[in-house]
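Two complexes are shown next, each including chain A; its partner changes from chain B in the first to chain C in the second.
Moving on to the complex of A and B:
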């Protein structure tokens, strides 16, 4: 029943899409992280002119399907071809690749900024006050106290978001990008062997996600050094 | 702007009614998928909490696979796999030609399988959050297994699970847009059709986004109220 030669035949074809999947995910995760940190920090401001637009952005991008966001960027903005050409952005919005990256980036920015905002709020007030009392400026307090603690706190949730982004890149296949899911769909409609292709493509995604989970666990281990072995200063002094 | 009102309106040539109809298909699809997913999720959670190694392995496998694999792949598997199975069944019964699976049923099943994998984690967490004393007390009262489950464990389980279920519901609602790829005319597909025939994709995708937002916020509010007002709410001491 199970035909191994078929697996061997489709595996290299599916793997050919893996670089694009990783490229889409990596670009949007990195860009999204930078934007998410910026938005999370901006929301620490009290000004409603800063906070309200960000809240609106987050609500819209978390409340609508990623597919709508991709279509809006690719087909929706494509309607404004002349205006985009006039400001020199048509070269970007003409490419499904960049449209997918823009939509994925904005999507993960919205989720990421909420995760980081929560993490920044979870940093105990006492630590912030302690940092201020030893004379650190606001900027230095963020750099040396608040952000390192917030990043560690946010890591598990951010890890989930990264996995969701890997899965999200599959939607790029709907705007013609041939990443793993796009190739899988092509293979299924050519061979009508949905089950085998699903197993093979699924295994690729699961392996990728498993590797990411392990890497993040290692990162978390590394970032919680201070929680593991507390140097017993009292013993050393005595 | 006037153009947008005309296109989204309800008079002749307006797509308002079609979009609202499609939005109700989205809601129906999501509700049915979520409800069936609760069954799958409940079974998987029960499997993971069992002592049997085989059941635990199966349940863990189900959760891992369908949470780790892109939802589109699962949808393609069910759609193409189901069609191939139906077609070969048709041939063995003496028929001929290609038999496609109905898109609505396939979509519901896909959403149920995917959301079930997420719901399983929520139910498992909620079950583990119930104090062991509750099980002991229910036993001490002489309730039998079914009574314990129905009158003691289940109400508490639901109350612990509600916030997590609210998150899964939002996920389901957004996932339902993916069912458009197998041709079911739900909100996303209807927006595509309207965008294609009027060549105004921007207006229609914005309209779809707003409708999704509206559904998400109304149902999100309902979940919030349920959490706050539920008679079975566990009162924190």
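Moving on to the complex of A and C:
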């Protein structure tokens, strides 16, 4: 019943969408990470004028579905064409590609900043005080003590977020971007074979995410060198 | 060897015939429509399905004296959902095409409606305006001549078209060398993008485009160029059914015949589509 030559026929067609999937995911993950670090650090401030707007942003983007956010950025803002062209932003919002990047980036920023905020707060107070006591400035304390510890702490949760973003790109097809899922839907409309096509598309995402999971595990291993038992030379000699 | 194969085929065929004879008259059926292709089928503000095909479906069910439930189903999953039995009939302005006939069966067409372009009035194609010409894709020479006339006017433009439609196949086949083609899940979405100025042209059934252009935000847009029928657009819009539902097909065909004969289709089509789409036999 399942026809393997059909898999071989659709696989290259689906893989043609992989560069766009990776491009969308990579751009939004990198931009989202930079913004997330910024927002997480800004939230360490005690001024409510800094903290409250960020909390509001995070609440909105964590509390609404990514699908709705993509729809709003693309079709929603499309209705404000004249206002957007007046401030010179229409060139950006006209393109489905940038709308998808913006929605994905803001979404991952909201989640990422929460993960990092929690991780920063989980750094033991004693360590921070120790750093200050030896005369490190706030900036240096963050650079050498708080952030390295926080990143290591955040890595497993942030890895989850990265995987969610890879899967989140599959929603970009609703704004006409032909990434893997978009191509899959096109193939189904030509062949009417939903099962084989979605199995194949699912396998592509699985492979991609598996590679990312392995890379993250390697990164975690590298970042926790100090926690592993180091066999001493004496043990080896005896 | 040969004889045994013939015997095998014969027994399969005999089985099919038996199955067909044994098929009982269905008492209740579920009809799926898209609910996003005004005025053919759409969802009203309070969530009810309405439009030409919804009225027609109710009329046909009355004639067949069976109970019908009409449900909304996303366009791009419609045929797979029919084949796995999520519902029994598709009435969603679906063209009867050779490709679809490989997977499902159709009744006779209940409407024939040409496909065409909608563009901004001040665009090159918009200035040419609407022509009432109809080109049958079977008449290759004249259809190709009409397409060649349109091509330079659409050079470098972005055409929006609904995914998984014969309209998409048409623009891909004839215009992908001059224009960029964007695929949308629903026609409502490409309408929004035309109004937003993200795309330059729409390609869809002319009745659906006319309904869109009737809205105030589309006052700067117009239908343009000729209409295309036949060929990869198939025979027109028919009700899609599973291949094995032979009895249901007969019943629906009979009801459509009656609805054509007594002018119901004409009345409904004038009411909803503002033009007569009754198929000419």
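Quick note on the criterion: the second predicted complex is superposed on the first by the 228 of 238 C-alpha atoms of A that agree within 3 Å, B and C clash if a C-alpha of one lies under 4 Å from a C-alpha of the other, contacts with A are read in each partner's own complex, and residues count from 1 in each chain.
Criterion: a residue touches a chain if its C-beta (ideal position, glycine included) is under 8 Å from a C-beta of that chain, and two chains touch if they have at least 3 such contacts.
Since the structure is predicted, the reported quantities are computational estimates derived from the model, not experimental observations.
**Q** Is this a clash or a fit when chain B and chain C both end up on chain A?
**A** Clash - chain B and chain C, as placed by superposing on chain A, overlap.
**Q** Check the residue A:72 against both partner chains and state whether it touches chain B (first), chain C (second), both, or neither.
**A** In the superposed model, A:72 contacts chain B only, not chain C.
**Q** Between chain B and chain C, whom does A:18 touch in the aligned arrangement: first, second, both, or neither?
**A** neither
**Q** For A:201 in the superposed arrangement: first (chain B), second (chain C), both or neither?
**A** After superposing on A, A:201 lies in contact with chain B but is clear of chain C.
**Q** Using the touch criterion from the header, give the chain among chain B and chain C with more contacted residues in chain A.
**A** B
**Q** Which partner chains sit in contact with A:186 here, chain B, chain C, both or neither? Use first/second/both/neither.
**A** In the superposition, A:186 contacts chain C only.
**Q** Applying the touch criterion given at the start, work out whether A:26 contacts chain B, chain C, both or neither, answering first, second, both or neither.
**A** In the superposition, A:26 touches no partner, neither chain B nor chain C.
**Q** Per the contact definition in the header, classify A:174: touching chain B only (first), chain C only (second), both, or neither.
**A** both
**Q** Name the contact category of A:51: first (chain B only), second (chain C only), both, or neither.
**A** In the superposed model, A:51 contacts neither chain B nor chain C.
**Q** Should A:136 be classified as contacting the first partner (chain B), the second (chain C), both, or neither?
**A** Neither partner.
**Q** Please work out whether A:163 is in contact with chain B alone, chain C alone, both, or neither, and reply first, second, both or neither.
**A** It touches chain B, and chain C stays clear.
**Q** In the superposed model, only one of 23-31, 77-85, 149-157 or 221-229 in chain B has C-alpha atoms clashing with chain C. Which one?
**A** 77-85
**Q** Can you list the residues of chain A that meet both chain B and chain C?
**A** Dual-contact residues (chain A): 75, 78-79, 174, 185, 188-189, 192-194.
**Q** Quick check on the complex: what are the chain A residues that touch chain C?
**A** 75, 78-79, 81, 94-96, 174, 176, 178, 182, 185-186, 188-190, 192-194
**Q** Okay, in this complex, where on chain A does chain B touch?
**A** Listed in rising order, the residues are 59-60, 63-69, 71-72, 75-80, 163, 166-171, 173-174, 181, 184-185, 188-189, 192-195, 198, 201-202, 205-206, 209-210.
**Q** Which positions of chain C touch chain A when the two form their complex?
**A** Listed in rising order, the residues of chain C that touch chain A are 76-77, 79-80, 83, 99, 103, 160, 163-164, 182-185, 189, 192-193, 195-198.
**Q** Under the touch definition given earlier, write down the residues of chain B that touch chain A in their complex.
**A** Its residues touching chain A are 64-65, 68-74, 76-77, 79-81, 84, 170, 173-178, 180-181, 188, 191-192, 195, 199-202, 205-206, 208-209, 212-213, 216-217.
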